[in-house]
Amino acid sequence: MTNATALRAPLPVPGDVQAANDAAPPVSSRKIGDIILDVQNISLAFGGVKALTDISFNVREHEIRAIIGPNGAGKSSMLNCINGVYQPQQGSITFRGKTFKHMNSRQVAEMGVARTFQNLALFKGMSVLDNIMTGRNLRMKSNLFWQALRWGPAEREEIAHREFVERIIDFLEIQAYRKTPVGRLPYGLQKRVDLGRALAMEPQVLLLDEPMAGMNVEEKQDMCRFILDVNDEFGTTIVLIEHDMGVVMDISDRVVVLDYGKKIGDGTPDEVRSNPEVIKAYLGTSH
Amino acid sequence: MLYRENGQFKTSYQADQQIFPISQDRLAILLLIAVAAIVVPAFASEYMFRAILIPFLILSLAALGLNILVGYCGQVSLGTGAFMAVGAYAAYNFQVRVEGMPLVASLLMGGVCATAVGVLFGIPSLRIKGLYLAVATLAAQFFADWAFLRISWFTNHSPSGSVSVGSLQAFGWRVDTPVEKYLFCLMFVVVFALLAKNLVRSAIGREWMAIRDMDVAASVIGIRPIYAKLTAFAVSSFIVGVAGALWGFVHLGSWEPAAFSIDRSFQLLFMVIIGGLGSIMGSFFGAAFIVVLPIFLNQALPAFGSLVGLSISTAAVAHTELMIFGGLIVFFLIVEPHGLARLWSIGKEKLRLWPFPH
Amino acid sequence: MGFFLETLFGGLMAGMLYSLIALGFVLIFKASGVFNFAQGAMVLFAALAMARFSEWIPEWTGIESRLVANVGAFVLAMAMMVIVAWLIEKLVLGKLVNQEGITLLMATLGITYFLDGAGQTLFGSEIYKIDVGLPKEPLFLFESTFEGGVLIGKEDLYAAGIAAALVLVLTIFFQKTGTGRALRAVADDHQAAQSIGIPLSRIWVIVWSVAGFVALVAGIIWGSKLGVQFSLSLVALKALPVVILGGLTSVPGAIIGGLIIGVGEKLSEIYLGPMLGGGIEIWFAYVLALVFLLFRPQGLFGEKIIDRV
Amino acid sequence: MKTRSLTMAVALALAAAGSLGTSIAFAQDKVQFFPSLTGRTGPVAPNATPFANGYADYMKLVNARGGINGVMTLVEECETAYATDRGVECYERLKGRHGGATVFQPLSTGITFALTEKIPNDKIPMITSGYGRSDSADGGVFKWNFPLIGHYWVAGDVVLQHIAKKEGGWDKLKGKKIAVVYHDSPFGKELLPIVQERSKMHGFEVQLLPVPAPGVEQKATWLQIRQQRPDFVIMQTWGVMTSTALKEAVATGYPRERMFGTWWSGAEPDVRDVGAAAKGYNAVMMQHGAEFEAPVVKEILEKVHGKGQGTGPREEVGSVLYMRGVVGAMLAVEGARAAQEKFGKGKPVTGEQARWGYENLNLTQAKLDGLGFKGVLRPISTSCADHMGSAWARVHTWDGSKFVWASDWLQADEQIIKPMVRASADKYAAEKKLQRRAPSDCQG
């Protein structure tokens, strides 16, 4: 995965970006660390409809954590709570020892949590390049006036970040589409851009919402490869929602199972596989 | 054959990030500006300047501003006229109240005041979306119409509530002939177009477009809607405000709130839509279309009538003009909902491939 | 106190008329997702047709009965509105399916220009008269309770009555009839409606015709109040705050919103106006709507928007 | 793709033709060109159309009479729909046509304000009889503006005089309350200074009731009037606003006899569809009223409409606003005639020469009668200092079917108005850093 290693090579960029790279964890990171994200007794409801009831689980540093469950089990809602799209009515979320009643998207992003989306939430009007560049926005500090003049710091900054994004583009093997509006790309590639946008944030925790939904086998394999690379090259912690049991069981360290907004199982793939509740839920449904 | 980008290799990101990566484009645009600045003044008639070119320039500036808000940030505003009015009246007050205030300074201060008001009326956009917001911005429109009639301080207590400005002086340059006025406006337009282009291709521009295309995703990657939207309102209303000031100072010379009525707001929105949402170039196309078309129809119809030997009454002309104007707008929306700018880029793509079909 | 009541009634009755026009907006928005700015132009167009035909019919037929003239004119005007609706569907909406709201809105503005031009070309741009026998002279209530009594324009009273009746009829039409159900189906989901075999284009023609009918009635009422001329098309601007206040998709919203705006602007003009130098009612209506929206971004009765990702 | 390239073509064609179209001109030689900015469409069409028709018809009559010492008049119209920017465009379009415009009459206060800034550079005079800037009567500052035979302050003063007369003297107005319902725009507000001046002098109370344009919504206004019960209502309204006001007055039961319009609020279109209900409504008239019996009207009917060249409907000839168009045209022509006397008979005069004509206008009663304005107008004579030339007016009232005179000739009190005009003009000059015209500028 030479592309990936390339990503970590130090970049000739201004202060904060540089710092961010130094902060990137060491290579020998592929051993599970201690709890980084801890979700306690989350409950969420829309009007009368209960989406989540009293969900608790935790995520350890550097691991790949899967959330599975039938349609409408509340998987996406869970992620939405974690990065502050929805505000749960009860429960709390602890991230790196800080506990929050509910999260605010901006904070979450600043704390290094990135996210991809189930039904692509790309910026359709923008090119692949710009979409991924938005991932760098948090790190771009030059003010309106410099940007308007596009001179001095603004330009240097722009170029520095452009270089970083180019590495991501290489990594995801989408060089050819740099300047194409994402709207025109095939589904599989859009998924990659979505991932690329998340990676551009240099996240420590990466939330993936069905990264392989609607892909053919090859595409799935590519996607798996990317995910594993990211996890094991920079030890990025990964929380992933997936339908494809095969994939989940192969790549994830621990699995949470949701059904109708309740947690019905939690543990290693094997434990989960043998859990009667889970089997019932899945046999009960179309899987 | 001449319009090709192959053979032009970008050796640095800097080069790759230019406004016009293709050298022919750069050439073309420089040529265009040169023509506008040198050739046009030499040939255009006074009528062209006063009735078409100057209004065109000023309104394309306003459309440019509006396009940042509507086209790039996706916040539909029907209150543009109000922000133009604020710009105009603010500039007027700086001019008459501050002794020896330089013209350009008061114009820009007009923009600044418009910015303040724009941000104020932008705040609801944080909660109100889409058409609701569009209609809500009409509050700004009607309030401004009222305020500039009622609060006599704004009009320096002129009994009629109509204000007028004296001769224009900028950097010791006396701007009074049509040509000078035209060049004066051109200056503003070129500079602002450049700045605007820079903004929309920088971080802030990406934030605006992100909010426009998918606000939830945008906030998840750490873009604050409040910041993105309000900056869009600020930048937009600044440009619009300056345009308003120019409209009052350079084009009309004397004006009343009616000069910035709701019709103006609609007119500008038309320019942005017909020209192309999210396209600097489009703002100019749109302005040209909306400014020239009615005047053209209004003059061409009688001429056409006399050709076929019947004299059309003034009223009939005006009515037919309305109908054709409305019809054409619908027609354009149907054949190219993405505006003239899209046609332009399609044309360019074709040209790039030419003479090969694919 | 008597005067307050007077203002209140005045506001309520004006509000009823706003509701009527707002209803036109809501119907079309529900069924075709179009924010129809042409509503005002349709009012003018319909009123012009009504006024002119009622002049012309006696000339053509030689029958000097006002009833005949008005009924005939009403029928003809309605026919014209149906034609307009049909043309709009065929030439504009049909060709603009699945465009963004803003594009559609602009298209209706184009239609506005066209109708303004067409209306004045066909029917002239003088000031015309609609006389459907609405009484003009005022009516005084509670003269015993308050000195001077409480004045109510009989005309307004009738107008409000008609408006209310129409609103009622349309609500029933929507809730009870098959077409109404089809309309609501379309409103909820175009594709779905189509897939169960509801012909979109026909529905749209119907909706726009209904809107045309509403416009015609509104045109007759306002026309006989103000006389028929160009400015009539501007009544639409009075209905906009009503629509967003009530919620773009809600018929009851249009009604309640109309009353709120009507009362709000009259009270503000009379009790606030003098302090601010008068002429505030137009922007006050919008500010009122704006404030409401800050608390309910989707309007009083509009559906709540939940972001899904 | 096909349609797209087509559209492209259309767009380009339009853009190209747009610039082309501007140079369409109707070649004519040795004519006196009178541009006419019309409001035949839009919010004020019902009122502005008769004016345009009268203007055109009188010019035709002049030609039928043999032109201005043989120089034929030529009218070209340009539609402004009462919008200022369209008005400016029309001005720019027409000013250079047919050997140059003689004089402009925009019939819109907004356009007047905008053009006031342009005419000095273009050296074209502008007649704004009864509208525009009241202070432009001061020729010392406004060299090119001519509010001939009246401006808003004259109207206001005469209305108040008439009311005072009816009440039996100015002193009777003390403590009375007069409401002013006005078009919320410069047009409407121009009236206020004189009313306030008079109220200071005679101690009557003024209640200001602005109505936002176009004025179709006046319920609140008239409820206030019903509440405040002013003794009189003065209306500075235009277009649909007037008839709406009358209807609301009917609906709130305010006596029409106590309502007084200025001369833009007292014409047939305003009362037509109110009909008998408007009986008793009064309006001050800028000298002429509805003049169906005037010789000039008879002549127009015979020589213009009689030959099937009438611009508007026949029955409109002689109506109030039609007559205002006729008077406007007559003043425009007579100015040019006066200029010919100085700069050469039988030759078209330039705008600059015409300006001299308007500044040295001397229409004696004999001259006016000769032109067919017997009983319609009084003598008019302008000067360098006075660009108005006459401050006389009359009040007429609607008897349910037609307008009849309700007062004798009344003259606005120059003692009051002149200083106001001068003060306002000086303020304008100061703002624009202009000098008053030197006396030498008034010679020749």
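Order as written gives the chain letters A, B, C and D; numbering starts at 1 within each chain.
Please note the rule applied: a residue touches a chain if its C-beta (ideal position, glycine included) is under 8 Å from a C-beta of that chain, and two chains touch if they have at least 3 such contacts.
Computed from a predicted model, the values in this text were never measured in an experiment.
Using the contact definition stated above, find the chains touching both chain C and chain D.
B
Need the most distant chain from chain B, centre defined as the mean of C-alpha atoms.
Max centre-to-centre separation from chain B belongs to A.
Where are there more C-beta contacts: A-B or B-D?
More C-beta contacts join the chains of B-D.
Let me have the rounded angstrom distance from the C-alpha centre of chain A over to the C-alpha centre of chain D, please.
Computed from C-alpha means, the inter-chain centre distance equals 72 Å.
Taking each chain's centre as its mean C-alpha position, how far apart are chain A and chain B in Å?
Using C-alpha averages as centres, the distance is 41 Å.
Would you mind pulling out the distance in Å between where the CA atoms of chain B average out and where those of chain D do?
Result: the chain centres lie 35 Å from each other.
With centres defined as the mean C-alpha position, give me the chain B-chain C separation in Å.
Computed value for the inter-centroid distance: 33 Å.
If I count partner chains per residue in chain A, which residues reach a count of at least 2?
85, 117, 121
Check each residue of chain C and list the ones that touch at least two other chains.
Within chain C, residues 120, 125, 277-279, 282, 307, 309 contact more than one other chain.
If I count partner chains per residue in chain D, which residues reach a count of at least 2?
40-41, 45, 49, 184, 210, 212
Mind pulling up the chain D residues that touch chain C in the complex?
These residues of chain D touch chain C: 40-43, 45-46, 49, 184, 208-212, 214-217, 219-221, 223-224, 226-227, 239-240, 243-244, 247, 250-253, 269, 272-273, 277.
Given the complex with chain D, which residues does chain B contribute to the contact?
45-48, 50-52, 55, 96, 145-146, 149-150, 156, 158-162, 164-167, 176, 251-259, 263, 285, 288-289, 292-293, 295-296, 298-300, 302-303, 313-315, 317-319, 322, 331-332, 335-336, 340, 343, 346-347
Using the touch rule from the top, collect the residues of chain B that touch chain C in their complex.
70, 76, 124, 127-132, 134-136, 138-139, 142-143, 145-146, 149-150, 215-217, 220, 262, 266, 269-270, 273-274, 277, 315-316, 318-330, 333-334, 337
Where on chain B is chain A touching in the complex?
Residues in contact with chain A: 12-14, 17, 195, 198-199, 201-204, 206-207, 209-210, 212-214, 216-224, 231, 235, 278.
Within their complex, state which residues of chain A touch chain B.
Its residues touching chain B are 83-85, 105-106, 108-110, 114-115, 117, 121-126, 130, 133-138, 140, 142, 144, 147-150, 154-155, 158-159, 162-163, 166, 197-198, 201.
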